[in-house]
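Shared between the two complexes below is chain A, which pairs with chain B and chain C, respectively.
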Partner chain A sequence: MSLKISGIVEFIRMHRDEIMKDWIDRFNKADAQSISAESDQIDQAIAAEYVNILIEWSKNKEDEFSRKIHEFSKRIVQLDWPMDKIAQCLHTFEKILFAKLLEKQIPGDPLELLSEIEKVTSPVNREVFLQYTSSYERTINLQKMALQELSAPLIPVFDSITVMPLIGTIDTDRAKRIMENLLKGVVKYRSEVVLIDITGVPVVDTMVAHHIIQAAEAVRLVGAKSLLVGIRPEIAQTIVNLGIDLSQITTKNTLQKGIEAALEMTNRKIVSMGERR
Partner chain B sequence: MMKTSKIPILKLYNNLLISIQWELDDKTAMQFQEDLLKKIHETGATGVVIDLTSVDVIDSFIAKILGDCVNMSKLMGATVVLTGIQPAVAITLIELGIELEDIHTALDLEKGLELLKELED
Partner chain C sequence: MDGQSCVMIMNEWDIVAARQLGRHAAKELGFGAVDQARITTAISELARNIYHYANGGKIYIDKIEEKEKKGIKITASDHGPGIPDIRKAMEDGFTTSGGLGAGLPGVKRLMDEFYIDSKTGEGTVVQVVKWLR
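Right after this comes the complex of A and B.
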């Protein structure tokens, strides 16, 4: 078996320039709209490296080889090509190689030949796609983290009054985080009143309302009071139309009114210091 | 068989102070309920503060006992305030659907006593 594989590798080495030329030509034809001198050069370099790796496949020790593939794949990912372009590109190479092998009338069953080609190219291809997916996953995870950081901030505004402004849609995961942050914050800042500001929440459905009610309930258990502020007219409409009972929670239409109410609850108020100059 | 440990109940002027320092098991909780009511009867206290700062877990049974304590004490003319419920405990209670409605809560012992004073006025 391995004899056949090394035979193919040998074949690639011998007909290297030919194959590469065909490959790049074919690829550029398919990609006719977006040809530029620069990308052409990159294509050439990448193609050369790919072929080199395939050739060295048999010579190198296993781990060294996999390290090489790894580096190569990383470089490809850095080019930031769309994945389908890479897939097409690699597939084209296999097709060309197969055509060349047939052309030179290498003895053997074509089907077997195909499977041998696949054996030569698949470790490299696999690694390339692995790198691609892991780079995508990394991006997604980073964004997820960024989102989480933004998801539930708690701001102490006065002594024993804190505000949690919520922006964007609330799902179950986020609601959980909101509740945790809210309660931890209440204990940490020793707040008596927390204001949950939903000005930036586009939709309040039964689920969101349920989460808010639960959060308010939990806040009460911890020993503080919660106010729901920033209820826009359309939100009020949805809440009533859905038959959600928010009567247990004090609500205000703006954060400003909420703060005034919160100050009142803690026996304070903001007074003006006489004439404004 | 585990020995049931008694929870100390302290009297401070007209109030009773109870700090629960470890996880309550069912038996201790029942014993506590009995002791508390007896103490209210003896002292004629008008306020009770139960501090749960050191309690990390409350199950539905303990929650029910605590709720019962509150209602029973109310019948005997004493207002109960639960203080220092930990965030994690609050979340668990809510998730279990135990809302402990009509129960006074406060952030800590100090605020609990203030609240009692306010309620008395």
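Right after this comes the complex of A and C.
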């Protein structure tokens, strides 16, 4: 006759202190060489909470139980351990528990014991990993949003003149956003001239060029003018090699020259107030 | 980096990875800023074609040496639908996707040597070389 789940839980309850001590010792020792900071060690409180959950899970009502697992998982995620370390820690618990069961000569087929142990621990472990992945997905999504906000900024520099400085790689998503923001900006700031600064764009291939051409055309259609500035010399040469025709687009080599041109196009000019000393 | 390196092209970010690898190799070989830009742009075109038309493939980057000459060789290989009419595809402005159609002919002008082989239903291989001078 083998030990059923309730038996395992009972066993954990009876030998709780021993199991916990072994678990903490074994895990923290195995980990000692790599990391020694306090925060990297599994502490008494967390170990106790885990064991408590295992012991109480059969007693608790379903939703009470899942709330507890949920809270525990959150705490684990907050430790900020790498996934493999969490896995190793939880696995160590199973190994310790198994060793204890054998040590106390609990009757039953060892293989079956292992699978019973797994039935006890897996609902909790599963929730821990679910929490872990969803917390990382959240982080990645937030960073994605932050990046998107930075991806096509529009800066009104003078009345009716705006600048869009582009830095970094332009992919399809970003190209779409550039176009949208340019058009929105023209309306919102009542721009007559928009300057697209590509000083920080590492590669201008035919796709990027195509998007720039389309954006300039769209700006023209809403009644404004666009200026392309910041074409580095090596980029200018590759554009020529590629055979891309940018003759329909006004270009200036620096942002400063572009702004001067934009002021001129809107009948203005920067003048100095008399002589500087 | 020695010998050959390879990047699988599955999504748009792999194109950036292939470009960076190529730029790094070109810099190591001693190519100047303009040639680095040419090589990187050529990789970008070939990788994007793989991503766009072949639904995945590979970019290989080799440093090569031949009779006192040093250079970089880029090989773009895929098992996509192939190009039915290579001569047409090499014409400036020919595109089946509403692009600029300047990719393949542009790459040929950006680099020193250009080979293309494509079979309908089997895939496409484009190999280009830039020599250091």
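What we mean here is this: the second predicted complex is superposed on the first by the 263 of 277 C-alpha atoms of A that agree within 3 Å, B and C clash if a C-alpha of one lies under 4 Å from a C-alpha of the other, contacts with A are read in each partner's own complex, and residues count from 1 in each chain.
We take it that contacts are C-beta pairs under 8 Å (C-beta built on N, C-alpha and C of every residue); 3 or more make two chains touch, one makes a residue touch a chain.
Because the structure is a prediction, the values reported are computed rather than measured.
Q: Answer with clash or fit: chain B and chain C placed together on chain A by superposition.
A: Taken together on chain A, chain C would fit alongside chain B, as the superposition shows.
Q: One more residue to check, A:179. First (chain B), second (chain C), both or neither?
A: A:179: touches chain B, not chain C.
Q: So in the superposed three-chain picture, is A:192 touching just chain B, just chain C, both, or none of them (first/second/both/neither)?
A: After superposing on A, A:192 lies in contact with chain B but is clear of chain C.
Q: State whether A:274 touches chain B only (first), chain C only (second), both chains, or neither.
A: It touches nothing on chain B or chain C.
Q: Could you say whether A:218 touches chain B, chain C, both of them, or neither, answering first, second, both or neither?
A: The first partner, chain B, only.
Q: For A:82, decide between first (touching chain B), second (touching chain C), both and neither.
A: Touch status of A:82: no partner.
Q: Quick one: smallest Cα-Cα gap between chain B and chain C in the superposed arrangement, Å?
A: So the smallest C-alpha gap separating chain B from chain C comes to 7 Å.
Q: Can you list the residues of chain A that meet both chain B and chain C?
A: none
Q: What does chain A use to touch chain B in their complex?
A: Contacts found on chain A: 179-180, 183-184, 186-187, 190-192, 214, 217-224.
Q: Sort out for me which residues of chain B touch chain A in the complex.
A: Interface residues on the chain B side: 82-87, 89-91, 93-94, 99-100, 105-108, 111-112.
Q: Can you name the residues of chain C that touch chain A in the complex?
A: For chain C paired with chain A, touching residues are 12-13, 16, 19, 33-34, 36-38, 40-41, 44-45, 48, 92, 99-100, 102-103, 105-106, 109-110.
Q: Given the complex with chain C, which residues does chain A contribute to the contact?
A: Those in contact with chain C are residues 169, 171-172, 202-207, 209-210, 233-235, 237-238, 241-244.
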